[in-house]
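Here is the structure we will look at.
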Amino acid sequence: MFENFPLWPARASTTAGQVDALYIFLVALSAVMSITIFTMILYFAARYRRRQGVAAEQIEGSTPLEVTWSVFPLVIFMVIFAWGMVIYFHERTPPQDATEVYVVAKQWMWKLQHEEGQREINQLHVPVGRDIKLIMTSQDVIHSFFVPAFRLKQDVLPGRYTTLWFRATKPGTYHLFCSQYCGTQHSGMVGQIVVMEPAQYQAWLAGGIAGAPLAETGAGLFQQLGCSTCHRSDTQGRGPNLVGVFGKKVLLEDGRTVVADEDYIRESILAPTAKIVSGFKPIMPVFQGLVSEEQLNALVAYVKSLGQAAPGARPGIPAAVQPAQPKVQ
Amino acid sequence: MSERILSSKLYIGIWATLMCLTVITAAVSFIDLGPFNTVVALVIATVKASLVILFFMHVKYTHERMTKVVIVAAFFFLLLLLALSMADYTTRFLA
Amino acid sequence: MSDSPIAVEPHGPELHGPELHGPELRHHFADVEQQRDAASLGMWLFLATEIMFFGGMFCAYLVYRYWHFHEFAAGSRSLDIYLGTINTAVLICSSLTVALGVRAAQMGKQKLLVVYLLLTLVFGLAFLGIKGKEWYDKYKEHHIPGASFNADDIVKEYPQIPINQQSEQTYFSLYFAMTGLHALHMVIGVGLFSVIAYLAMKGRYNSHYYTPVENAGLYWHFVDIVWIYLFPLLYLIDRKPLK
Amino acid sequence: MATATLTQERENYLNQSYGIKSWLLTTDHKRIALLYLVSITFFFFIGGFFALLIRLELLTPAGDLVLADTYNKLFSMHGQVMIFFFLIPSIPAVLGNFLVPLMIGAKDLAFPRINLLSWYLYIIAGLTYIHCMLTGGVDTGWTFYTPFSTAFSNTKVIEAGLAIFVAGFSSILTGLNFVVTIHRMRAPGMTWTRLPLFIWAHYATSIIQLLGTPVLAVTLVLVVLERALHLGIFDPARGGDPLLFQHLFWFYSHPAVYIMILPAMGVVTEIVPCFSRKRIFGYKFVAMSSIAIAVFGFLVWAHHMFVAGISLYSALIFSMLSYMVAVPSAIKVFNWTATMYKGSISFSTPMLYAFGFIGLFTMGGLTGLFLACLGIDPHVHDTYFVIAHFHYIMVGGAVMGYLGGMHFWWPKISGRMYPEGWGRLAALIVFVGFNLTFFPQFVLGYLGMPRRYWDYSHSPEFQVLNVLSTAGASVLGVGYVLPMVYFLWSMRYGKPASDNPWNAAGLEWQTTSPPPTFNFEETPMVNFEAYDYEHIPEPEVAVER
């Protein structure tokens, strides 16, 4: 109907429908409210226009009315708030088994890497119907990953991870925008999300530039950088055993408990002294400035792969590690 | 409105209290009270600040309601800034 | 005075004549009392804005102290607690001389007022001198944030505390921002008091008119209060014996 | 002075003395208001010029009019000029300065010299900012987001930051002056519940200026320190958190929106009763809603940060609180509407602007509900939807209010009437032009066009709406130039205004037009309620055409 004059972008993710439903509800509500007010104003303006010999009737006000038009909107507002909250929580809580894609933003491009090792620039290929979780960070300033067709946006910050997840529902090519102002070529920091049928996606994966799976790269780095000398897969290491750590709660030396998520692992590599695991000494060297964002992503992916209950169940995960009891809980 | 003139003895008494509290707060910081070191330090600081406000700045003796309202309002909004900012920072890394 | 209408008596244009009131009363006020009330409220409102000004930094402090407690503790240990305590005492003394100065003004003792104002200036300058010494020490220790920042000495001195140098720099960034802006307020205060001392010497203030002395005093006390908080927050974060 | 009352050329604040010095060294709040009027008009047209260039660039998808860097500077400086040098001072520093003492029956503001100082600070800030613009400008967006502003931008961030710091000081002093004046300088009998609601609105505005601006000031100081001296406070590469900057920035900058809109609400609250010949409906609720907006306005800032990476839980809190602040705004709209009920309504230019204000503010407010909503904001945040929303509030709201107020009080300010026909025409042009400019941007935003894009050649589907918007902007431009022209014209050729051409309530109308230097020949005694239209005759000649 509105082919040349669209009112909303393509609806290509599970979130998009939910957001549009609320949006349409809000548009309708706003229309009703504003039309009511405008009609009243116009009616009063016409009905009570100044006429010779007709004086205005003085009215002080009415507390019941005031209470009505304070409470009534507030109730409606709370409905909107609650509805929005449900959507927000849904779109901000990634499913456990989502396929992960690491995103590194820099002035002015998007660098993406799949779990399987494929790298892409300013393009992301994903299959229809699979949950995709983006783990994003920036090399310089704040950017924002925005896909209008998915109704999703998340700022991408330097120095930490932010995440976003979606499940695409419709094959096609959609805009990827950077929506946080980031300098000269901000408007050039755009790309495409290519949503494909699963079969096509498999073909694309097979035809792509073969790279080692991310976790495997990470495993290599883990050896290379000497991490494995302390973080052993038994209880004898000078550092905590990392098997099964990911996603668990970790008791810290100062009594706090944190969840070992991507950001925690990242911080523990870059600034190990920030959150020391209970029972260990702050002896790990700082890796800030020694590893690139991509290497960091690989290391995080590796540590995460150690956390999987069934090693080898997913592509690219070395099955060599022993499922030992982790030191931390 | 003629300001009430306080005796210099009172001022010197307040001054002596402030000096003592300064020494106490410095000394107490060397004693291990666990998390209460911070609490003690802030309580002492607040007592000192209150003494200055109430006596040196004459707020205890003023008949200006507005002075007190302004002070309370300023601290209230400061508290809002701190509390609502910390609402983000303390919950940011919860799962 | 409550918030009921201030100017209780009607006052016509005949009151505008300068001969009917002292030179201190500005034309648009009904009387000296109204003028003094206005000045006092204005000053307190200004101090409220100052609270929020420092409040922004206290907010930053709170966040980073929460994040980097170890580094804040270590940085705090590296400060000179003796100089810090002495400086707190110096400021409290200056607040006393200010309070006594205002009292002298209230009683119309002009000579005494000048003495107290000069004493305040001495204490204020002493504070700034000691603060300068502390900053100089920090400069020598390479604890000024920036390219030459180096906290190796702190790391070595407190092996028991896990220290990340970058977070240590955050502590010192806040230390310099907070003490620096506080010192700037002190410098402004010293300037203000110099002017007031000069005017007091010329006999400008008496028991009927001393609003500038009073308001400058309020400012000085406020700056003192900021330091009363900065002292424990920066110097006394964690000084208990290390295990 | 009392002798001059009956002579033909009444002495007033304009002809009381002449010469540049009598203006630049004046402590008369009315003259300072005019100094502000001239200066902010200057900045309004600079900001408007930038807006024009932005709209022209966006006429076509490709970035073909200016360079990318130039475009980034244009929108940054458009925002900073319009917000800090036009909107924040607009109504308070011009109309507020002029009217607050008049409305409460005082001879001047409490601190006339501080009032002049605040204008000089504004001018110093303005000159610094002009210097910054002429020597390269600034490209951080008006928001100065770190670490871009502290570590990446190559433009004059420090100079711009300091200019805004000084402008903030000026704003604080204005607010301080108002609060003290309203507390201490009211005429006998002018109790709090007899105050015009314009005064209540300015009182609420001043609270925000006093408590919010210092936080922006210290934040800018920290940005300057980080950029100049390499302190590590906001830059993650130096151990800082960029979101802390956003928290501190929005702690001021969200309430700053209310600094802009509250005085405009105050203006509308004066105009609607006058042209309906009625008391305001629900005086206490309107007064209290101003205070509620000022206070609640401080509790909602992080709704600008829902996608910035704050915690889910704090997002919840801030979303909920944001809906709280919508309630007092809604109360105001309902009360204005109810005031018209059974009134005797005429349609002079100020009333047309008031109608425009209510309509556009309603739409701006309702779209605010979208943005406060956690479900919608992640899609529309940082898109043209936001641009449209805040222009509905700030241009549709604040500027309409400002223009309405200028027309309403112009007879008092200048002693002359503006040409009514031209006035109504301009009001109509502004309304139509405004909607044509900004309504398409709502659609554009939901379609996904991000803000601050210089080039959208990758998305040609955005063009139609952008063309509409640019067309509207040119209409709007005409609408803004017109009043300036006829106001200037009327100063010489306008019909001399009577003391109370609208037969309006309020003390400011009881003195002469223009008022004498000390406002009132005799300090007024107030023994009537605000908006006491029952006891004021309607204008003899109804202003009908």
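When the chains are written out, they are named A, B, C and D in that same order, and each has its own residue count from 1.
Everything that follows uses one rule, which is that contacts are C-beta pairs under 8 Å (C-beta built on N, C-alpha and C of every residue); 3 or more make two chains touch, one makes a residue touch a chain.
Just so it is clear, the structure is predicted and the values come from calculations on it, not from any experiment.
When each chain is reduced to the average of its Cα atoms, A sits farthest from chain B. Compare each chain's C-alpha centroid with the centroid of every protein C-alpha atom shown, and the nearest one belongs to D. Interface comparison, A-B versus B-D: the pair with the greater number of contacting C-beta pairs is B-D.
For the pair chain A and chain B, the distance between mean C-alpha positions equals 43 Å. Centroids of chain B and chain D (each the mean of its C-alpha atoms) stand 37 Å apart. For the pair chain C and chain D, the distance between C-alpha centroids works out to 34 Å. Inter-chain centre distance (chain B to chain C, centres taken as mean C-alpha positions): 14 Å. For chain B, the set of residues that touch two or more other chains comprises 66, 73-74, 77, 81, 85, 89, 93-94.
The set of chain A residues touching two or more other chains is empty.
Among all residues of chain D, those that touch two or more other chains are 183, 211, 215, 243-244, 247, 251, 312. Note for the complex: chain C touches chain B at residues 1-3, 33, 36-37, 40-41, 44-45, 47-48, 51-52, 55-56, 58-59, 62-63, 66-67, 81, 84-85, 88-89, 92-93, 95-96, 98-100, 103, 106-107, 214, 217-218, 221, 224-225, 228-229, 231-233, 235-241.
Interface of chain C with chain D (complex): residues 3-14, 16, 26-30, 34, 37-38, 41-42, 45-46, 48-57, 59-60, 63-64, 67-68, 145-147, 164, 166-167, 169-170, 173-174, 176-177, 181. By the touch criterion stated above, chain D contacts chain A in their complex at residues 63, 68-69, 72, 139, 141, 145, 147-148, 151-153, 236-237, 242-243, 276-285, 306-309, 312, 315-316, 319-320, 323-324, 326-327, 330-331, 333-335, 337-338, 340-347, 355, 358-359, 362-363, 366-367, 369-370, 372-379, 381-383, 443, 446-448, 450-456, 458-459, 461, 464, 533-534, 538, 542, 544.
The touching residues of chain C, counted against chain A in their complex, run 67-70, 162-167. Of all residues in chain D, those touching chain B in their complex are 183, 211, 215, 243-244, 247, 251, 298-299, 301-302, 310-314, 317-318.
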